[in-house]
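Next come two complexes, and both contain chain A; in the first it sits with chain B, in the second with chain C.
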Partner chain A sequence: MDMKVAKKKLGIKERYGHMTRGLGWEPTYQPADAVFPYDKYEGIKIHDWDKWVDPFRLTMDAYWKYQGEKDRKLYAVIEAFAQNNGHLNITDARYLSAIKLFWQGVSPLENYVVQGFARAGRHFRGEASRVACQMQAVDELRHYQTQAHSISNYNKYYNGFHSQRHMWDRVWYLSVPKSFGEDALTAGPFEFLIAISFSFEYVLTNLLFVPFMSGAAYNGDMSTVTFGFSAQSDESRHMTLGIEAIKFLLEQDPANVPIVQGWIDKWFWRGSKVLALVGMMMDYMLPKRVMSWKEAWEIYAEENGGALFRDLARYGIRPPKGWADACEAKDHISHQVWLLFYEYGGAAAFHTWSLTNEELDWLSAKYPDSFDKYYRPRLEFLRDKHARGERVYQSTLPTLCTTCQIPLCFTEPGDPTKISHRETVYEDEKYVFCSVHCQEIFCNEPEKFVQSWLPVNQIYQGNCFNPDVDPTAPDFDPLKAVLEYFKYNLGRDNGEFEGSEDQRNFAMWRGQASKN
Partner chain B sequence: MSVEIKAVEIKPLRNTFTNVAELIGGDKPASRYQEATLGVQATTNMHYRPTWEPEFELFDPRRSAIQMREWYDLKDPRQLYYASWTIQRAKEQETQEANFDFVESRCLHLSLPDHVKKLALDVLLPLRHAAWGANMNNNEFCSRAFSEVLISPAIMQAMDNLGIAQYLTRLGLLLDEPEVLDIAKAQWMTGEAWQPLRHMIEDSFVVRDFMEIFLVQNFVFDGLIYPLIYDRFVDDTLTSQGGSAVAMLTSFMPMWFGQSSKWVDGVLKVAVAESEQNKALISQWTTTWRDRAVAALTPIAAMAFGNNQETMLNEVVEQFNARAKKLGIVA
Partner chain C sequence: MSKVFIIVQANEEARSIVEALLQDNPHAVAQESPAMVRVEAEGKLTLKRATVEDLTGQPFNIQQLHVNLISISGHIDEDDDYLTVEWAN
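Here is the complex of A and B:
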């Protein structure tokens, strides 16, 4: 028998190569363009897929081992949380609004990108890039499902969680993240990668994931924070994919640079608009605050992002077009969005409330240049009205930006007293925007953005009523009919926190659990 | 005697999410599988048409000719969700890893008779490319499928396919020098015996109907390849010739095939029972792809079983036909 002992030892890189790149082949019975039909039409030129640098070298055996271990721990906590009424350990029932916002507006995006990454994981010609995308696809499945399982317990006891899926497809403010996700999913595979892996995961994740998870940690939400810790290593892999992907595209061909730059401009701006919701959450919804939105922006966007774009300058990439405006907005957007939701509180499936003096002082200290001047007086005015029994609820419908779909509530750069507003006429139709950057995104792809399903416009067209309602009936209440179409439990999911069922139940149950 | 710890009991306002309740007959306690999958995919008010396929909506059941009144009927009898999947695979991986260690530590890979080793490498290593093809098809199925009840198991299946391709790669690297992988790839690309199989798999890469992709890959291809290769070739032929080490190194595959078949059968059975039209279409797909697969596997069976090839292949086809019949498929 041939007893060969001195077998060649493979290096990690070589071994991983056999486990991924080595598996694929160039088709000969079908044209390669038929097998991979989607990776050319965006104009990106790839000359050598072998130059792709593996962002992480994880084979399935190791993946199962790590992830299995993590999920065993995570589910033990989820289980214990449910068994011991962990929800009663949160700081205050107002905190629930933050998780509602996450569940309604962020979790569905996790689920969306499963299919997006599966598509990229099938349709790039390079095997190594495909494997990295597939791992992210299945990770994102993990994130959605673990969020559903942790939030399941909150849903049993509190309002606003129950019809997240139904609301996602219909509710006015959820069309902001929904249109963001669908914009990415309907783009070609390279734009998808720049949108999600680079612009979102790499540049902005610390402004989304970290604030929510730190907010959970600060506010006694054991279930969400355990998920956060558990997802951290997945997130770092996703960030590495983002940075490797962009470097690869930029190095492959100089003609890719302007295309990629256009996508960075677009997706940075779109992402920063979605993040306005996070800003509001951080500054207003967390009873125990982590840091202000402005501070988070300065650390994660200005410092980290600034360094990143200095690094990318050698490829001919400059900071995104909207950068300066987005930086200026750090003093304003969280307040503007909170005021919007406060006034439209009747139409939101989470609660809003008046801030205490202590909380207003905190904001004054964190926003010395803007809060006392522009926002504190309005918040105090609204609080006074509420105290007099005249809680303000807007019932007129706002105008939405055609691109980001946020109601026009942001102010002009350089003038925080003037609502920013732009218009474009395209094929005899007028389109409205919240900013010059959203307008530009539209003008670059008008045939795409004329399709936007704008909730307010749809309501006016009568498309947001349940099929069994009769709008000609004499007692027809259109606002109520729309909220029913959203599947709100009126008076329980929406409106003022003070006096809400969530507030009452939390106080009562905490009393039961902590007093005799 | 029973010990009962008292905990503060709070009566919940509701048991589950409405998208789940609507699919399980009302608001009642729901399983993790149900909360992870039922009613989860977006269904309406989509914003933009895909630039890569403007003829369809972003999420669109018309990407298959199969029609379902309720796509969420196509449930996974294994009730897998991510955590149960990854925890289960981690356990199975531990067993598979122990097998690799056992074979290596006792040098069983070095004591394989030469002709057995050669036969094992000749037959098994090109199949790592077939497993990669399966991975491609399941990613395609995942990205095109309608309803979360298909999307969620699809991506897990795709990752399983990748794991299998990697186990086969490890087998090659353990039994011989890395060059055997190149030799096997050359066989896959130009070796006469492998061309019908590769041709068929490449043709499956251009199928766009997601239910057809599901059926072709997970029912027909796997349903013929796994019993032929892992039950008959590895467990019978090689083992009887002193190659049981190979069976240890591939023990994951037949075990996995048994599990995934439960899913595939569960989906097809319901889709067939839905309508005569579905039944006819699924039967037609099955017949066409089965006949093609049998022809493609014939030269590989000749390599694996020599004179015994016809019996082995016939047994596998009969087994497959019986399985199809049980699902209501006429093929």
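Here is the complex of A and C:
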């Protein structure tokens, strides 16, 4: 019998090796290509799956241990927040619009990413990549669930948080993140990985989860900052994986480089458009502001993304095609998107408002090259009209970009006074775009994007009314009928903040919190 | 040279991580924002287990960083005794 020798504990690298290597097998009942039917058709060539390494080398036991610890901390905060009326400690009820938009438009994306990684984990051949995808699917499910649990506390008191699942499939502005997620989910597994792990998580999510969440803390929302940072700690792993995944693909075969570059071009641009919503949340919806969207873009996109692309240059990868245009847009997009939502405020399930002079001054200081020249006069004009009792609401529907589905509200690179507009005719049908980059994405995959479910077009085709509605009735109000189809509580979820139920309730409850 | 960063939550557990980073990486700077601390440095940052243990007098597992980590940039090399983030350019 062998003598038991006291063995040194395995190190991280050895444990990770045991966890992720030698677990697979060659199938014998079916050829491997039948078991893994989707990991070749995109043209990506993988010669050695064992070169895939997760740099954090988290093994399953450590994963559950640390995730459990994160959840315990998070749920302690969520509970304390609910028990102590934490919602009355936020700066101002206007802040809630940002959380409504987060819940309506960001949380459902977490669920899409669960599905995407569960699928990628099934379809990649390498065991290490499958373990990584499996962990990430579980992480993203945790993100959705913790967001639901945290935000449900607001749903007890405030409007616009209900019917998330219903709204996601119908509401016009939610088709922006929804189409982004569905484009990724219906791509092949490698494109999905580049879209989500690399372009979205590595290059862009810091913008959402770092400065915005710090802003949530600054505005007294302990619940949101805690779920935000808890999710972002998982994102650190996902980002690391994103950069590993891209190195892996680029090192496996030089033929992968142009394919990957095409995906980087597409997904960086798509992601930057979705994040225009976050720009508005940071610059306009946080009553107390930590940093401007522009500053956040400079730190997390330009500086950190710039470092990344300098690093990837050795593989022959260049910065994404839309890079310069996206960087120029940092001076404009948050203002353009806010003006859009302000004017379509009747059709959004959150509130919009006029800014105070101090807030306008803050924006003037943060945006010296654009705000006073292009946006402040318009905001003051709208504020004056509101003060005269003529709150502006647009009632004609905007043209949507076929690719990103954002109404045409962005301006030409180099000319912030001119709305950017492109058109392509494909099979006798005209398609409209917000930019050359969205146009190019369409032209690369027209069969996919002709299927875009564009809310405005669907409304005009009569597909967005409840079944019992009679559009031929003499008193038929189409806008009202559409908002009912969205399940809005009219006059409570939508419209101007000033005079809203949320404003009144918050003021009343806060008053009760400080006296008997 | 490109900058790398490690961002952690502004709490008691992570305070020793920030202190260890500043101690072992003299070129690093810490910036505080609401609820978070961002440590950034040119080129490279290393977190050493031994330094955190010296500061707290308690055993520290490098992977405990995950509990209070918010974000990170650069290529990562992690082993039992250290974690390094670095750009190759």
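Simple rule for what comes next: the second predicted complex is superposed on the first by the 500 of 516 C-alpha atoms of A that agree within 3 Å, B and C clash if a C-alpha of one lies under 4 Å from a C-alpha of the other, contacts with A are read in each partner's own complex, and residues count from 1 in each chain.
Throughout what follows, a contact is a pair of C-beta atoms (placed from the backbone, for glycine too) under 8 Å apart; a residue touches a chain by one contact, two chains touch by 3 or more.
This is a predicted model, so every value here is computed, not measured.
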Touching partner for A:D169 - first (chain B), second (chain C), both, neither: first
Partner chain in contact with A:R57 - chain B first, chain C second, else both or neither: second
Touched partner set for A:K266, first chain B, second chain C, both or neither: neither
Touching partner for A:E69 - first (chain B), second (chain C), both, neither: both
Which superposed partner A:N206 touches (first chain B, second chain C, both, neither): second
Partner contacting more residues of chain A (chain B vs chain C): B
Touched partner set for A:V225, first chain B, second chain C, both or neither: second
Chain B and chain C contact sites that coincide on chain A, given as residue numbers: 69
Chain A partner contacts - residues on chain B that touch it in the complex: 7-8, 10, 12-19, 32, 35-36, 39-52, 58, 81-83, 86-94, 96-97, 110-111, 113-114, 128-129, 131-132, 135-136, 139-140, 142-143, 145, 148, 151-152, 154-156, 158-160, 162-163, 165-167, 169-170, 173, 177-178, 181, 185, 188-189, 198-199, 202-203, 205-206
Partner chain C, residues of chain A touching it in the complex: 11-13, 55-58, 62, 66, 69-70, 73, 206, 209-211, 213-215, 217-218, 225, 229, 232-233, 235-237, 239-240, 243, 290-291, 303-304, 306-308, 310-311, 313-314
Chain B-touching residues of chain A, taken from the complex the two chains share: 1-5, 7-8, 10, 14-15, 18-19, 22-25, 27-30, 34-35, 37-38, 41, 59-61, 63-65, 67-69, 71-72, 74-75, 83-85, 108, 111-112, 114-116, 118-119, 121-122, 127, 130-131, 134-135, 137-138, 141-142, 144-146, 148-149, 152, 155-159, 161-166, 168-170, 175, 178-179, 182-183, 185-189, 448-449, 451-453, 458, 487, 505, 509, 512-513
Interfacial residue positions of chain C with respect to chain A in the complex: 2-5, 7, 9, 33-36, 62-64, 66-80, 87-89
